[in-house]
């Protein structure tokens, strides 16, 4: 239930060691292993290519044109966290820049995922602090309205509970509920191993039609080849 | 936690009598009374103007191009419900048309809110079954993939738990958690009474500047009048 | 093959009597009967609700900001035609207004479908000339660049050959290749008859789950009911 | 030059009698008569069809999520004005509802044109107060940040100076600089007279190709007719 | 005519040697040389900058959320082909990732152009397999519905016949009908030679106004210079 | 007041030395220092990352599909200028490519900011001529319609007067009225100095909550911490 004006200080974070294993597995594989749920909408894009992170979610609920709660959130960050920010209505302001990034980084945050805009992207790129955002906008924010920290938020169409595992790379962002991280690691690792095999076969020229034994079902479904 | 392939048959619906009181209070007032949270994004629009409904949410999670779970959801509808459908990725197909509407209506559903497209809008308008959707599309859906019914879903940026109160009108759609409906009715009713007073004053020519006693704070904030 | 600067005067139009039968069958049913292909993208919307038309396509290829070829197309219109206009790049000008509508109507055109903007919508509504367009814009067009008339055009993602049947209503616009109109009428009519039956059952409270015999396959697919 | 925190009380409004003549001439004709400049972008849409207004602009500059200056603007409204609101960054909140509309109407305003969202659209429709907006959103606004009233603002891509004539109808909104209103009336009236003639001819079946003498230039440009 | 459930195995590909000449000429020059037709809409973007390819089109028609036909298409690829995929309705899933890319590359494909999303973009970038797509999305696809291979498809607003030449680079994608490739090479080569001349002059400070002899026509058109 | 068909040759440019100081201060800082006004909308994006420019504005008003006035504008460029182009209606054609860039560069232009599309982006990147645009499109333009040069234009929602200072980088584009450049330099420089201090503190682990003394006002506003 969304509450305004509260900060939850005690959140149960997903197991750090397990979360870290999700990084290199990657968003596409983890998402697939989870049964294709928990993905944020693809309108969120990284400010520079190549970043790959995972972490436990510290969540923030912001108001349009107002980044007050980002400062409140900073104090709740622990090393290895990823901050996830939702906004109560669409607003393309730049809610986050190099000063906040310096603070977040000093606290140990690995990244920001925000359903709004970001600025100072050149500086953020140089300092290696990745952000996934809806847009880049130089327009800062000022007004002091209370939102909340560490409540459930919706970000880019996905529900994020504080402490959930967040995995983000060039393909997007996936949320893994804290209780499912172990299962996700196992399933995604198995999936990846399986994919290495397939990749080798496909590289050698084997067709997916044969490798996946699709020819018979396709024929049954009525596929016609015309010469 | 999002689960695929499940149907929860026993959900705790918000109190019907209280939910019904929300209808005429309207989305804008209820949303304001809730502290301005729980609103779906304004890209959802009603298929015809003037509809005003409220009800308890039966939720559905769909896959793109696949409306299988709508049929499963129909059985879970009780009179006075509003069906709320999320989709695992953006898809503008028409997932719902006059046949499903006939079935939903026969079951007692008051409306559909769907984060995707709808079709047969002329027939739906004639039968008085309102739908709030992302678009209108004649393109039907077919493929049978399991989603879920009555799990928490995200619809147009808002989190909806099964049984939550849904209020929808020309201004949009607001979600009121089942546990907060009584509080929402009280707060919104108070707000509305208060607004009638204000409306009368404003209609008589009183300025908001005076009614809300804004002149002094504006002057303090530095507002300058130039003749 | 797209040619610029040509007007094809002799086009083979879909059979008028058959095309007329498509009108009341409606876009959703015809599209479904065709195997769910040939639909224009849902970003095209009618300027007023309730219009239902069908006709043979006279096609036009326009350039941005330039409606020269609309005047050339007018001469090629025969009673019962629907004009379909594509543009070589996206442009939201109002390419068509009440003067052109007067001319098109005098020639016997039933509607315009345009992958661009339209203006004078109040007058068009009053004269009952329906238009499906990307937007409404008062901005007229002027510059004289040659496009073409009655060549294959792409409009809102659909390929339209001159003479194809066009069906348009509140649900959108579907293109039926001239050679398939008879088949479309037959299939859509059968489909509609079948839908009347289903509609009656659903209205009587029969569930789609039973009517479509979905319970067994759903169970096999692993659907779990939780009380 | 954009200034924040100021209210200009003495603005030079376009001549009322002349402005009133623009109403029935309509946006498309006035825009055409002005040389096709001054049009707001077509993403602004009226909340109900059929409204036709003109008036002198009272301008407002707002911040995202903050409608404070609307109340300040109300005092500057004189009978026959149209309020035009720009926002410093994109925000889809509902900045204006039935209370403000009651106040604006009591002051004599004819309409609102806003580069943001509006709410209470059912009430606004019933009271006959037209609004052109980017969207409809029930989400209200609260925070008290100073913007300005009666400074030049950009609204939906058009520059509006306080006192400029605003003409709005189903086709959109056009801005006529106060100094050009007389010229606009003359040119648009002439244009309209001329259009009546053309309309009659076209209705009688005369082709634009002949009426505008386009055949020779088209031939020279290389248009080929193929039978 | 769009058919579902068919694979055309014998297509007439544009002449390979000629197609290869189009690569370095580039999309803008080829498009210009073709008379400015055949361009896909600019919403398709490359997953990494700098790729320049051309090839003969193998076409695929997909359904939303379903990449079955990609596997069927793989078998039809010959060295030097570019796969072009249309979808029957808008869907932002990631229909293509590194496994399919491995297979396509092993078959000799040079690139994919898809009117939908793509995933595994880091891996695709590392393996140097360029994709032009509507978005990047980690969301995979699964369901087995028959589409078609090597039928005419509409992709991003352009009609593509199997065998047509496709040219793609940072500026977008242009389709050259197989029968026009020779003409396109000739016209684009001439155009490019001509541009080198112009570039040198412009670099030396000659104005386009003089080089293109625009001063007199501009004066005739009424251009006024004001000091 | 927008005039068509005129070129103002004598414009008062912002002081060059001062304008140059804005470059390294950056868009976000300058915009903040100006009171958060004058920013173009974030839909304009640079064609390559890392460019940082400032200059005096030469403005151009174009028509859709027509880049005639770009050639006229070239003659008005002086070393250190930035060309800013508005369009009378939305159009995603590529109005500018390597030939014009060669000419603009030879005249001393530092960049182009255009509320429309651009092409030849690979060549522009290689020659180091930065462009901020709405999109990349290979589609060229041709038709000769008079627009204007050096009149006030609206570009991406911002009003630009000829001679205004333009600052552009990865964060976007801000317009500083010529008369305010000195003030902007002073304010932005002060702001930047102040930010260095803050950055050091935040990097050392000081929280914004303490540095900005936010704890007390937050408590007063009612923020609750929950353990």
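By written order: A, B, C, D, E and F. Residues from 1 in each chain.
Quick note on the criterion: a residue touches a chain if its C-beta (ideal position, glycine included) is under 8 Å from a C-beta of that chain, and two chains touch if they have at least 3 such contacts.
Remember, predicted model here, so these are calculated numbers, not experimental data.
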(request) Spell out the chains that contact subunit B while also contacting subunit C. (result) D, E
(message) So if I look at the partners of subunit D and the partners of subunit E, which chains show up in both lists?
(response) A, B, C, F
(message) Can you check which chain pair, A-F or C-F, has more C-beta pairs in contact?
(response) A-F
(request) Could you figure out which pair among A-B, B-C or A-D mirrors the C-E interface, over half of its contact pairs being identical by residue number? (result) A-B
(message) I'd like to verify one number: the distance from the centre of subunit B to the centre of subunit F, where each centre is the average of its C-alpha atoms, in whole angstrom.
(response) 40
(request) With chain centres taken as the means of their Cα atoms, state the distance from subunit D to subunit F in Å. (result) 27
(message) Measuring centre to centre with CA averages, how many angstrom lie between subunit C and subunit D?
(response) 31
(request) Would you pick out the residues of subunit F that each touch at least 2 other chains? (result) 36, 39, 41, 88-90, 92, 137, 139, 142
(request) Would you please name all pairs of chains that touch? (result) A-B, A-D, A-E, A-F, B-C, B-D, B-E, C-D, C-E, C-F, D-F, E-F
(request) Enumerate the contact residues on subunit D facing subunit A in the complex. (result) 63-66, 88-93, 137, 139, 142-143, 145
(message) List the residues on subunit F that touch subunit A in their complex, please.
(response) 26-28, 31-32, 36, 39, 41-43, 45, 49-50, 52, 169-172, 174, 195, 198-199, 202-205, 207-209, 212, 214, 217-218, 221-227
(message) List the residues on subunit E that touch subunit C in their complex, please.
(response) 1-2, 4, 35-39, 41, 88-90, 152, 154, 157-159, 177, 179-180
(message) Residue numbers of subunit C touching subunit D in their complex, please.
(response) 5-10, 48, 68, 71-72, 74-75, 92, 94, 97-100, 102-103, 105-107, 117, 119-122, 125, 135-140, 142, 144, 146
